[in-house]
Amino acid sequence: MSGGGPMARIAHLHAAYVHAIDDDRLEDWPGFFTEAGRYRILTRENHRLGLPLAVMRCDGAGMLRDRVTALRTANIYAPHCYRHMTAAAQLVETGGSAHRVRSNFTVIRIMETGEMTVFACGEYRDRIVETDTGLRFAERLAICDSRRVDTLLVVPI
Amino acid sequence: MSGGGPMARIAHLHAAYVHAIDDDRLEDWPGFFTEAGRYRILTRENHRLGLPLAVMRCDGAGMLRDRVTALRTANIYAPHCYRHMTAAAQLVETGGSAHRVRSNFTVIRIMETGEMTVFACGEYRDRIVETDTGLRFAERLAICDSRRVDTLLVVPI
Amino acid sequence: MSGGGPMARIAHLHAAYVHAIDDDRLEDWPGFFTEAGRYRILTRENHRLGLPLAVMRCDGAGMLRDRVTALRTANIYAPHCYRHMTAAAQLVETGGSAHRVRSNFTVIRIMETGEMTVFACGEYRDRIVETDTGLRFAERLAICDSRRVDTLLVVPI
Amino acid sequence: MTILTEWRDGDVSRVPYRVYADPDIHAREQQRIFRGPVWHFLCLEAEIPDAGDYKTVDVGDTPVIVVRAAGGGVNALVNRCAHKGALICFAVRGNVRELTCVYHNWTYDLAGNLTGVAFRRGVGDDGGMEPGFDLAEHGLERLRVAVRRGLIFGTLSAETPELDAYLGRAMLAAMDRVLIKPLRVLGYHSQILPNNWKLYMENTKDSYHASLLHVFHNTFGVVRFTMGGGIRLSGNGWHHLSFTERAADGGESAGAESVRSLKQRYRLADPGLMEHRRELGDRITNAIQTVFPTLVIQQILNALAVRQLVPRGPDKSELLWTVLGFADDDEEITALRLRTNNLVGPAGYVSMEDGCIGGFIQRATAGDPGARSFMRMGGRGMPPESRSRVTEAAVRGFWKAWRELMEA
Amino acid sequence: MTILTEWRDGDVSRVPYRVYADPDIHAREQQRIFRGPVWHFLCLEAEIPDAGDYKTVDVGDTPVIVVRAAGGGVNALVNRCAHKGALICFAVRGNVRELTCVYHNWTYDLAGNLTGVAFRRGVGDDGGMEPGFDLAEHGLERLRVAVRRGLIFGTLSAETPELDAYLGRAMLAAMDRVLIKPLRVLGYHSQILPNNWKLYMENTKDSYHASLLHVFHNTFGVVRFTMGGGIRLSGNGWHHLSFTERAADGGESAGAESVRSLKQRYRLADPGLMEHRRELGDRITNAIQTVFPTLVIQQILNALAVRQLVPRGPDKSELLWTVLGFADDDEEITALRLRTNNLVGPAGYVSMEDGCIGGFIQRATAGDPGARSFMRMGGRGMPPESRSRVTEAAVRGFWKAWRELMEA
Amino acid sequence: MTILTEWRDGDVSRVPYRVYADPDIHAREQQRIFRGPVWHFLCLEAEIPDAGDYKTVDVGDTPVIVVRAAGGGVNALVNRCAHKGALICFAVRGNVRELTCVYHNWTYDLAGNLTGVAFRRGVGDDGGMEPGFDLAEHGLERLRVAVRRGLIFGTLSAETPELDAYLGRAMLAAMDRVLIKPLRVLGYHSQILPNNWKLYMENTKDSYHASLLHVFHNTFGVVRFTMGGGIRLSGNGWHHLSFTERAADGGESAGAESVRSLKQRYRLADPGLMEHRRELGDRITNAIQTVFPTLVIQQILNALAVRQLVPRGPDKSELLWTVLGFADDDEEITALRLRTNNLVGPAGYVSMEDGCIGGFIQRATAGDPGARSFMRMGGRGMPPESRSRVTEAAVRGFWKAWRELMEA
């Protein structure tokens, strides 16, 4: 973890992020972002066509927290969890305290009854910034390769 | 690989472990553990409910070796191999010569006839110790997200 | 990731390679190889039996480029893209300016209409050399665990 | 067909569960409904603005090419070569000058007329098409097309009445109310539903469930649905409109749906989500319209969309959302629409439940295909107007349409 | 139905392979067997100790809620809302005060009685249920329930005899022998079998295969099965018990199953795996009991379990293991049970083969549905007792039960 | 069966699309064609050189073991135990002394004769097979086998004529032309086709599509197909050969297929790909032969292969390629073959399209099972020879064979 380049610390952020979700510690999820942090789940189809629609769009800590509150208290869905696989993280650009990073992800969704499905795969495009409390996402785009969502999407990816 | 933190060496152990299994060098598998090493395949369901049952449970080198002997000489199953994907390794705790590490895994099972199936996904929770001959697992828990096992489980994961 | 061992630079090469393919920047693909670079997609079945047949076989820059030209201008197939997941990279042997590296891969194929399929999984076996312009593949074998190809294979893996 | 003999004449308030799973019923639906006398939404004019622009869509199990002709008109053609049946276009969208089948290069113009057959005269003295072969007899099957307010409809049947008659006055008015200006696509969603297509259509027509299944509003107390609102059905009961109206004073009044407001224990950290800019000239905040069999036109605050449902076998369907704005939207209203779209789509705060509820029924009913639902909220009829949305009238209307076509 | 006409009267020793793959047979089994006059194991009393505790299970294709009532009794209810058929409970386990359907909030008490219908009276003057609607007519379908030794059984048929009569004296005794004390769940397994459910049930009743397919014991020579042991069938042949007994002197005697002992070339590096602590008052080391159609009760050394099999279509099934100890187990015996469980389950040294062998038959027989098995080991009958386990009597008993129900 | 009544007598130039999707047709094909009077390619002699060597293959839905007997002969046995139907061999290849079923150890010799039944005499006085049990009545089902030029064929029907008569003179000559020496396997491919098996067989027999669908040659201008070439059909029209011949001067002459040569805008950066070493004694560069129902024998330059197609349900099939050289190949020609194989296989420059085109038809035709293809290029007949490859004669021959067997 040392003091080499930022990649080791970014790898740590990336890993902590997916462990929080996969552990169902979703209350921790907004904390990976800056106060004004932006989060988007996009599809490759819309992205390539230059269309701005997101499957999920949170601008800032309030919207991030509302997502968690809603899924805990309001939304209805069959119990399930995710397993995130990540790979091929690459520093695209770095400038002092801000880094642009891309990486690949696959999310397997596991229903309580045991069905496993490749729920999503795609690419994270991150803008990561140094803060007093460590690295945070100023922006995390999850660009899903498939335009399809199976059943529904409630847990962030 | 250098002399930075232990993560590079742990990554090496993790990689060597999965290559041994995926190469069908299962006779090497017990050697990744200490003499008293513990190995468990658990399901998330049992783990969350606090139930102790394992799908596979080996306490010590003898039980690890017995698994390999049995699958080579006694057990019957259609020929297949695994491909392990690993990701998001994270040092949870480290104290001198012992490390607690978690990481994610997916295992794809490939039958001789070509069928590919996501056989398991989940989380490794490891206690890794320094020994004279390098890093070894004092404990490796493979906690599978799905409660289901397709057909049978004979090769460790 | 600094100037330690070569693994950080190899990880960068590995990541850049899969991003180029997954981004559909296939014109960049031959550039990851040396001028005489060899690329093979093999099946584990043939490889284990010692049979030399490849699913795709390119010897040198000309054949690599021809593959790209053909798929852009001649071959017909339903639109799709890949998502590569990579894991467990391991330096098998290193000798100054040449490295033998193995790693695991999974390729998910995503049709334009959204179907996601685990298209291939297996192992890369690389011979990577230092060149004036950085690391390049002198040889990259993609050994697929399954003997099956679904529908057709046109984009390299 | 068992279903048609065991089911009492005319009863549309109790439906045997086998309709959701039986492969023979599915096959008959393809013939009687999807290839039958109904209008299907195909795509938007805005998606194929220029000559040669095409989009491929599915009308039930039939693949269709919607293409802008050189003259500016729109053609819809079955996407199946007259030679050996290959797909002509296999990309989702593109631009072409003519339609060429990749298999043997048979070529069609954008109206589906066969214009060329490779090697038709053979090579040298050999081969070629048999004498008497007439290009004119081998075009692509063509759909009748109708366009209204930028929406392109098609039908495979010659029996289908004209679109205006098919929709009826109330439905035309409802459509015109929302689609007031040229449209702009903001993006697409595709959602795979683990259930028979009819379960989703019932769900959309089921104004009874809205405040009960989707507890988001009540939980957060962001909008307490006001008393305003109601249901409209087309004269034949096939299509419907359900809408909610903000009270004239803009305030919130206690009403039916506040029944669970005791549950409100949370506040939105960012209430901007619920912001609404009136743009359609009335106080209606939500309007959901269905056109039989599978079209939904949606206004939820400023989130506009059309949704087209495609059956994918008896126990699966795909819901294709085209999310809309108007062509003259400024950045601010676009940003508002995009934010509001958190409410709808596969991850929508008040729509995601519709993605799983059909699957819950599919799973629960598989074991007992002869058991039946009981849909008598608001009686057994389907009056053209109801002031209350607490009624299953529109669902009964759906089953009336279904029986009329399936038993024909 | 072809199967019933082509198959000679009463022959249960030769079975046409189409029974494992035909979708019509599968559908008829759901009706005649799974919804028919049989008792199904649902879950354990120990899994729902407190009022409101529930577990959701599948009785064939029918989803069922097993719930502890306030008074301490156990109810089993079909998990399908009387309104439009939605699953009421969609988690595997939980605790509730009442059962509320998420779709429209219809509410039932824990006995399945409908207690509330949202908006039953409408809103204001509008809507509401039609006059004459009677809550009492719209409860959840309820199963008859019987409990024995902590095991909860249910049946969907009014024709099913009482549980004791259904099981018969021999089977009751076998069950009572193992389940001697309050039970504790040590964990669950779910195993997906790539085969028709009947292939697994035949396998479990097939005492002939045990020492032949599962070569672990012989390979390692850890236990040479002794001569003691045998088979018991219920009077009607439907249910069975197979058991092995250690010789009185505790030593090993040469017997039938040592036939392949020449294969023994290995020793366990850790023989602790085979340790056995006698706890049931006899010398029986292994006892496998089946209750028609799909329950298995298992004692293998100190590894105790119940297994419930659920068909998942004609060519797939799910085996749900509930691994047991006794409530008063100390740590030592628990550790022993956990270790011994390496022998059983999806990765069990002497059970994993049962996970693939059914698939081998499914694959091999698909091409020739009219071909038949030949199960005449021990003749064609099904005597209530056999000293030898080298018999297919219990398998024939299974087919007798199957024919009686399917041909009824 | 609908298909057989609705389809006009003898017409093989227009085929209703339901043949590609109907499960009943699929089941009938298994019986009438795959278990019927046809010869199936099983594997190569070179794959099982030594006594006890076996390979497992699929003849339609029937699993088969091909095994080299001690005497050097080849046996083909249905891979299904006579006891309860388990697969005997479940690896793709191996070597055995006898065939032992893992389930209960029934043992067969390499000719399929049952030689041992575990516990046949019971244990002590108990159990055992019923009196009168005769090993000789319970062997494995055996296929008739014929070998030609190193290719092993098998048939499940007693009615099938001898292989030479089945193939006919023209087809024997075509086979003998390519398989001139002992063979060597260079490797295998398996390709999953998202379509009914017949679509691939039509494709292979469809000499009309070659230069139209596979635009590689024209794009790169590497080989302009010359006028030489043609089609041969077996006397009954069931089998076919299509071939291309380089002009005598070795140069390129303008011909039919250059019709799209205007597209040529590219050059191969490495033209070594198209190198050809004449080895078969003639100027034929490409020769594709089919043997009904599912065998393809291929020569494309120096790339030799046999392909066997296996239906995997109505809408899926698996194409198994065995890529060949000759046993006496030197390194140079082996290297050439391996390079040339970039043209064929699942990633082949001139074959990959055949992997997707069947799926394009499967998707396009699903919605309209009653619609029909129109295959009248070169008329409606199937003459034994055509100089032009611009004909669908061989495809019509396929449908003739299909109708003869299915309507029998």
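All chains are identified by letter, namely A, B, C, D, E and F, in their written order; residue positions are counted from 1 within each chain.
One rule holds in what follows: a contact is a pair of C-beta atoms (placed from the backbone, for glycine too) under 8 Å apart; a residue touches a chain by one contact, two chains touch by 3 or more.
All of these numbers come straight from a predicted model, not from anything done at the bench.
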Any chain in contact with chain C as well as chain F: B, D
Where chain B and chain C overlap in contact partners, by chain label: A, F
Greatest separation from chain B - chain, by CA centre: D
Interface with more contacting C-beta pairs, comparing B-F to B-E: B-E
Centroid spacing, where centroids are CA-atom means, of chain A and chain C in whole angstrom: 27
Centre-of-Cα separation between chain D and chain A, whole angstrom: 31
Gap in Å, rounded to a whole number, between the CA centres of chain D and chain C: 43
Where chain A touches two or more other chains at once, by residue number: 4, 8, 45, 76, 78, 85, 87, 106, 112-114, 118, 147-148
Where chain E touches two or more other chains at once, by residue number: 90, 92, 102, 190, 213, 353, 357, 360
Overall pattern in which the protein chains touch one another (line/ring/star/complete/other): other
Chains that touch, pairwise: A-B, A-C, A-D, A-E, B-C, B-E, B-F, C-D, C-F, D-E, D-F, E-F
Residue ranges of chain A touching chain C (in the complex, touch as defined): 4-5, 7-8, 44-45, 85, 87-90, 102, 104, 106, 118, 121-123, 145-148
Chain D-facing residues of chain C, complex: 76, 78-79, 112-114
Chain B contact footprint on chain F (complex, rising order): 90-92, 102, 190
Complex interface listing, chain F residues touching chain D: 17, 202, 208-209, 212-213, 227, 255-256, 259-260, 353, 357, 360-361, 363-368, 371, 373-380, 386-388, 390-391
Chain F to chain E touching residues, read off their complex: 30, 34-35, 59-63, 78-87, 90, 102-105, 118-119, 122-124, 126-130, 133, 138
